[in-house]
């Protein structure tokens, strides 16, 4: 991952209900792991939790999600989810991620999300306030 | 099922993401099937959709859920979900359900939910208005 | 969508457990809708169900998933999921999809999946047998 | 909880994808939390992981689940899941659980599961081998 912005890490465990008929983590759950990591990092690393966002009347909405699967995670696995702001726009942000298996540090999946900021009550696009842009510019 | 109140039916298909490592529907998903059936029946049979409830400032909250599993559903199965109001109280309702496999009508699971009505904004218990109690007394 | 291969449709309803805190369908669930549509179409349109695949010792694994969200689906929505084989390779297939809201036919999301065929027991890549390639070339 | 058998604890965080339209943890997810706690405790406390079970050709199947909801968990919550073998039968086990919010130790939900042991390949009931019964009798 490039380095204009910081890369942050969260640690998560696979949950049994994430496993599908192939006895690996179900493909769409990886996106949920990244979401969980972002929530953790919003609060812990950017000091601006999702609850803080909602209180200010804002929310984030996914515009694009892209994921490449390299190696499946299984029932006994835990993972490190690394995310990084790759681009910061007036109305949105592009976040790159990778998920590594804790045991051997090998990459399980990687990709990116494009989020736009919206007014939580109407769902309409919002301009990212300066202090939020500043908080994300670390 | 007894017959003071009507029993209603909804038809649902198993979705691939419902299947777990045992290659059957994951146990907690059966509760989601009943929830889906209730939403369908609220709108179609009681003429009072969940959206109507929310617009009036009410929501339903699960107090108790009880389920007995008889025969698992698999990836190719569809089901009939039957529910019935078993008891109607000033602040809540007990709903009995059974889930039958469409192919052979055999029971896959049965049980009950106890719901209480709440004010949607505060989550605090509400008295069920008379017109709603009447709508459920069919 | 282009037209070398056929486009098939499946109809699905939003389930209440798909809704997230923003009161729309949760972003990762759209991928599950496409999966459900593919299973339906494998059986109904390609005459080769996932169960048939598993019996022959094969399974499909997601290598890449890409989705662009246009308009959210809500609790009362049903949808039409259209998928089409865009490319057929010796070891995999690229499937394009779009999800339209039934009520107004407007596009809710679109994107593509890249799948590879694997031996179900080992998870290792497999060459797509000719009869399967033929079944998909419609 | 009574005390013939030991009570074990697991710590879990709420995941954003667990939250439903009421902005609390979705009711069926609490059952998944208990499942996750049991998997953790099978490995860590009983020294017999689910993977060990599967390798010996056994699996556990839910026969009955019963849950009473006391206080909802929210997006920022973490929890302590306590489980205890309440009864051990030749073919199954009854496990009682309670879920407490980490922040204030108040009970969010409690209930029980009845599991039966099955042969993993056929799904048919199995007699619990003596060494497994012994491992659970702590």
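Order of writing sets the labels: A, B, C and D. Residues in every chain begin at 1.
The definition used in the following text is that a contact is a pair of C-beta atoms (placed from the backbone, for glycine too) under 8 Å apart; a residue touches a chain by one contact, two chains touch by 3 or more.
Bear in mind that the values here come from a model prediction, so they are computed numbers and not experimental data.
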Hopping only between chains that touch, the fewest steps from chain A to chain C number 1
A student comparing B-D to C-D should find more C-beta pairs in contact for B-D
Among the chains, which is located farthest from chain A on the basis of C-alpha centroids? B
I'd like to verify one number: the distance from the centre of chain C to the centre of chain D, where each centre is the average of its C-alpha atoms, in whole angstrom. 33
I'd like the Å distance between the centres of chain B and chain C, where a centre is the mean of that chain's Cα atoms. 29
Whole-angstrom distance, CA centroid of chain B to CA centroid of chain D, is 24
Shared-contact residues (touching 2 or more other chains) in chain D: 16-17, 28, 32, 35, 75
Classify the chain contact graph as line, ring, star, complete or other. complete
Touch list for chain B against partner chain A, complex: 16-17, 19-21, 23, 26, 28, 75
Could you pull out which chain A residues touch chain C in their complex? 22, 24, 27-29, 31-32, 35, 59, 61-69, 72, 120, 123
Within the complex, chain D is touched by chain A residues 13, 15-17, 32, 35-36, 39, 43, 49-51, 75-76
